[in-house]
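Shared chain: subunit A. Partners: subunit B in the first complex, subunit C in the second.
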Partner chain A sequence: MPNSPSPTGNAERNAILKLEGVCVALAASRKTMVRNISFSVRPGEIFGLAGESGSGKTLLMRTIFGLHDDAFVEKGRMTFKNTEFSSSEHRRRVRKLLGREIGFVPQDPFSSLNPTMRIGRQIREALYLGKGISPKSAEAGKTTLELLKEVGISEPATAVGQYPDQFSGGMRQRIVIAIALSQEPSILVADEPTTALDAYTQRRIINLIIERSRNRNLAVILISHNLELLRKNVDRIAVMYGGQLFNILASDEIGSSASHPYTEALFKCIPRKDMNLADIQSIPGEPLSAGYGAAGCAFSSRCGLRRDICDTSEIPVNASLEQEFDACLVRAGRRP
Partner chain B sequence: MPGQSGSATMNELAEPLLQVKGLSKSFAKRYLVHQSKFSLQNISLELYDGEVVGILGESGSGKSTLANIITRLTPFGEGQIFYRGKEIRSHSASERFEYKSEVQIVFQDPYGSLNPRSTIRNSIKEGLRLHQPQLSRPEMDERVDGLLSSVGLASENSNKYPHEFSGGQRQRIAIARAIAVQPTLLICDEPLSSLDVSIQAQIIELFASLIEEFRLTMLFISHDINVVRLLCDRVYVMSDGRIVEFGKTSEILNNPGNDYTIKLIDSVY
Partner chain C sequence: MRYVLERIAFSLFALFILIFITFLLSHVVPGDPAIAAAGPNAGAEKIQLVRESMGLDKPFHVQFLVYGAKVLAGDFGTSWFTHQPIADDIMRELPPSLELVVMAMLINLLISFPIGLVAARYHGSNFDNAVRVVAIAGAGVPIFWTAILLQQKLAADWQLFPVAGRLSFANRDFEGATGFYILDSLVQMRLDVFADLMMHIFLPALALSLLFTAVGVRITRTAMISEFRKDYVVMARAKGASEARIMFRHVFRNGATPSLTVFGMQFGWMLGATVLVEEIFGRPGIGRYAIKAVTQSDIHAVVGVVLVVGLVFVISNMAIDIILYAINPRKTRED
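Here is the complex of A and B:
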């Protein structure tokens, strides 16, 4: 279990978000889905969370930020801006910060705006709820226009009078981002924000998030299944599989000795510009879902490096919140 | 039109297997929906024997409508489609039946494209029963086992129902079903986009081996430039119901001439 600071404690003390040994379980079955997740995010850092569907990345994020009704933090500790959240009161307390200190951009821009309310009113409502600015005041009107302009809506004055269905998916996602930014959060959590969008729109939305983050010193957690997208955009990437945290590495280190065998294998699956058909190497077998209960590494049955130790020992956990981390049992054995 | 390289030499060799000429399709205008997004305008394309041709475009560009029209799942307005030189709307009932056996499709969503109440053996056999009734029962079963192993599934799985399989396995089954009747033309409508990254790579490898093994002529519809780059000999780029550029995949993707294609290529990671 995680405990007191380690030699690398410096970066860790500055962290805006710390997860230490967090386990997430389902409310109905009390089954542990995500185990022993430990990492920290620095202020202003763009942090990627990668994994295939079922890896538990979305479950983890939605649960620790109080968005999941059917799951709870079973064990472990979250620290957000020096406030500690113990597992018992976690959800109730974190909900108070959600939408204020913590901005959330969901995957589907088509269902995250109120279809019967004009855009302007939705943003003014957020400003009122978060900052107490009266919706009818001139200040609310002015801030709304500024926010829309900031996220690249070309005619904010017209946009405020329109309904969500009059916008394309990309424009709607911009509006959702504007609402998230209206609270001046210190961390923005974007859960596959571009999966429902076209490649061109995807790139523009990701660029928008990155640019806003750099300008406002806003920490971002970008959740994506696309390792290539993360590699090109974020500072550090955490890779999850079967509810376990496998790897944390700087985004330019994919393919180097810092990458876990799964990170490497996943990266070889993605067709990229410079690849031939022969370069594509699929991973045999099926991805495992979160909630892997047995001892050992969840990836062992698909892994080329598998040894006996992979099925018998528990995988390492990032207890000391290192900036970089590799949970491979085989490689750990080889290291000095 | 830009980028016609490649097709001239092929024209001299043979007549196209499939030729679409001036195809247009419009849907009734819906409330607040921009009409042009949902229609095809003056689509012309050619497909030769043994070629893998990509159709590249974003969502709403009309790619799937085109696939549905070619497979005769959707009627069309103006234009003509020739299959082996014969216009498909002038097909007699028996010719139409034969056309439907020779042109098979793999859909995007492997969850919705298999009959949930039928074992996968029966799903695969259904096409065989219809189009190759001369086969005896043991021959059909043997064929099913062979198909399953071609797509990388063990034959002992064949008496299971679709819900017992994962998305990637279901897509393999859908592919096995499509190639069961030995089609001349296989149309794949975004066959990868509902699959996980590691499974996408498996299916790409499967397509590559099937193209080699069965010498499939394929129309591969995708929004993913990098997948089209890997699999397709030639590519047509679609935007807003029109074909904006076409030619050899390597030439179009390395040296795009159209603004839309350039934008599309630039936005890929």
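Here is the complex of A and C:
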């Protein structure tokens, strides 16, 4: 098992990314949207971040990596490759790592490429910004072709002179990934990279990312609302709901006792081949958005295990950066 | 290429409509031109002769064809007031006005694009709010008031600029091949004249541009805000691009389209608005010529001015359409 819980001290030293008690607030209203997120990601690990729309997963990722203008890190600490980023000056400092240490693949391949810039130029720009290769040099041209070939673009020499609208969604996402990988980051954040794509293309894009991760020891944070996709492809999954971190578990432990009730509920929503239509469940009630401000567990109103404690106590936080973590107040009482 | 030809055909059609409207214009004016032209003491026979010589006895459509042919040949008739061919008058008065409009447009673009872009980037900030307030206020200030205020304060009170005219008295004999003195002075290497021209044109151009600039800033800002929300901006940031690179290399070109359309129309509107500024600053130009023609009921001169202003409007819009086409790779390719 690659992901068995390890002593925290060891995990902490090895981690490429550590979040400790990170809170994210909106710039305009100063409302706290995401609270007390703590987890660590190891080099080369494929880490899944799951949650329904509005759970705060994208907001959290975009904010800690300095990509969000409308939100900021309000509290807590991020450590990336042994460099600490405290909440003040966070964005300005982390942006210096963008394009070098951190790669990012946005959700919608149809809008994540500049529509009026040729593909080749967009890749050469990435090479220039990330590795200082002059865009006009022969090296830049050669590397660009190699990158496109690597991600499965069949005629790279033609592709470099074309514009994004001449490619399908899947092809564009490959190009976006080529751009992110061209800078050889140590961590790649992919925000729902396959949501806009059909099942077959989805498979190929995910495989492309996983293959790269294995070959180059690239850490990947895969953000998705699709728990099944994560379960099949990542090492560990963190589950968020209402801006809170509920659960961190190895992907093969979903459905086991390590699951938080919300993780379990999500898992039961996934249709499987051996199911009748009637067996597919849904979670009662409406999903809560990030920014849940009241005390207690954000999921309590929809949870079958609800006790009084769920509405009065603060949920546990993963303060010691355990590899696995369960924030359920009810189960915490029952566990040995 | 097909698109370009289409735009040219469309412009020619617009031009045809324009000629037709100006033709109607001279027909709906009260009074019989033959009687007016024959003079107060002419008898019925004389009037009839004049009518025939002017072609006014011909059917409506024949008159229109004759008129159209003349206009296309650059013959707008003779001014009743200057007794010169109107085409010559306009050729003399148009260059200073176009110079004024081009300068005003330059000021407009130099303010609208950067301010609109930066306000959009820092959307919701104090800077953005200030820009919005000033733009709204600016769009409500009439040009003649701006012109008088600038003239009074900057020229008369503080003496930073000349009060009126196109050139100083010392340079009154300057002549150039094109009539565009700014160009001519540069060609002749007369930098003293060039500087003099710039000092004279600055205030009128500023006065003419401010109202249009207020609109330009708002349009640019709105277009850029929606551009900054797109994922390719996030992608560029993730690539490590600086904010300046994102603004100028990525967002600007994509967000400039709606503003360019507006700037193209503004060019024609500005030429129409030179009337106010030229009168106040005592500059020669098509606007002042139009005022004289109107006040003296010089109908053919008025028609000539309307035609030429309309022509500039049609051409500037066509030019913008073609520019927008040229910078849009998808449209260029689909042709």
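By definition in this document, the second predicted complex is superposed on the first by the 329 of 336 C-alpha atoms of A that agree within 3 Å, B and C clash if a C-alpha of one lies under 4 Å from a C-alpha of the other, contacts with A are read in each partner's own complex, and residues count from 1 in each chain.
The working rule: contacts are C-beta pairs under 8 Å (C-beta built on N, C-alpha and C of every residue); 3 or more make two chains touch, one makes a residue touch a chain.
A quick note: this is a predicted structure, and the numbers were derived from the prediction, not measured.
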Next on the checklist: Taking the superposition on A as described, I'd like to know which of subunit B and subunit C A:Arg306 touches: first, second, both or neither.
Outcome noted: neither
Checklist entry - Is A:Arg42 in contact with subunit B, with subunit C, with both, or with neither (first, second, both, neither)? => result neither
Checklist entry - A:Leu227 contacts which: subunit B (first), subunit C (second), both, neither? => result first
Item to check | Touched partner set for A:Gln183, first subunit B, second subunit C, both or neither | outcome: second
Checklist entry - After lining up the shared chain so the two structures overlap, which partner does A:Leu277 touch, if you call subunit B first and subunit C second: first, second, both or neither? => result first
Checklist entry - Which partner does A:Phe104 contact after superposing on A: first (subunit B), second (subunit C), both, neither? => result second
Checklist entry - Which of the two partners, first being subunit B and second being subunit C, lies in contact with A:Asp165: first, second, both, or neither? => result both
Checklist entry - Where on subunit A do the contacts with subunit B and the contacts with subunit C coincide? => result 165-166
Checklist outcome for this item: subunit A residues touching subunit C in their complex are 28, 62, 65-67, 95, 98-100, 102-104, 106-108, 111-118, 125-126, 129-130, 163, 165-166, 176, 179-180, 183
Checklist outcome for this item: Contacts from subunit C onto subunit A in the complex sit at residues 124, 230-232, 234-241, 249-250, 253-254, 327-330, 333
Checklist outcome for this item: In the complex, subunit B touches subunit A at residues 32, 58-59, 166, 168-169, 196-202, 204-205, 208, 223-227, 229-231, 263-264, 266-269
Checklist entry - Quick one: in the complex, what on subunit A touches subunit B? => result 52-53, 165-166, 198-200, 202-204, 225-229, 231-232, 265-266, 268-273, 275-277, 280-284, 286-287
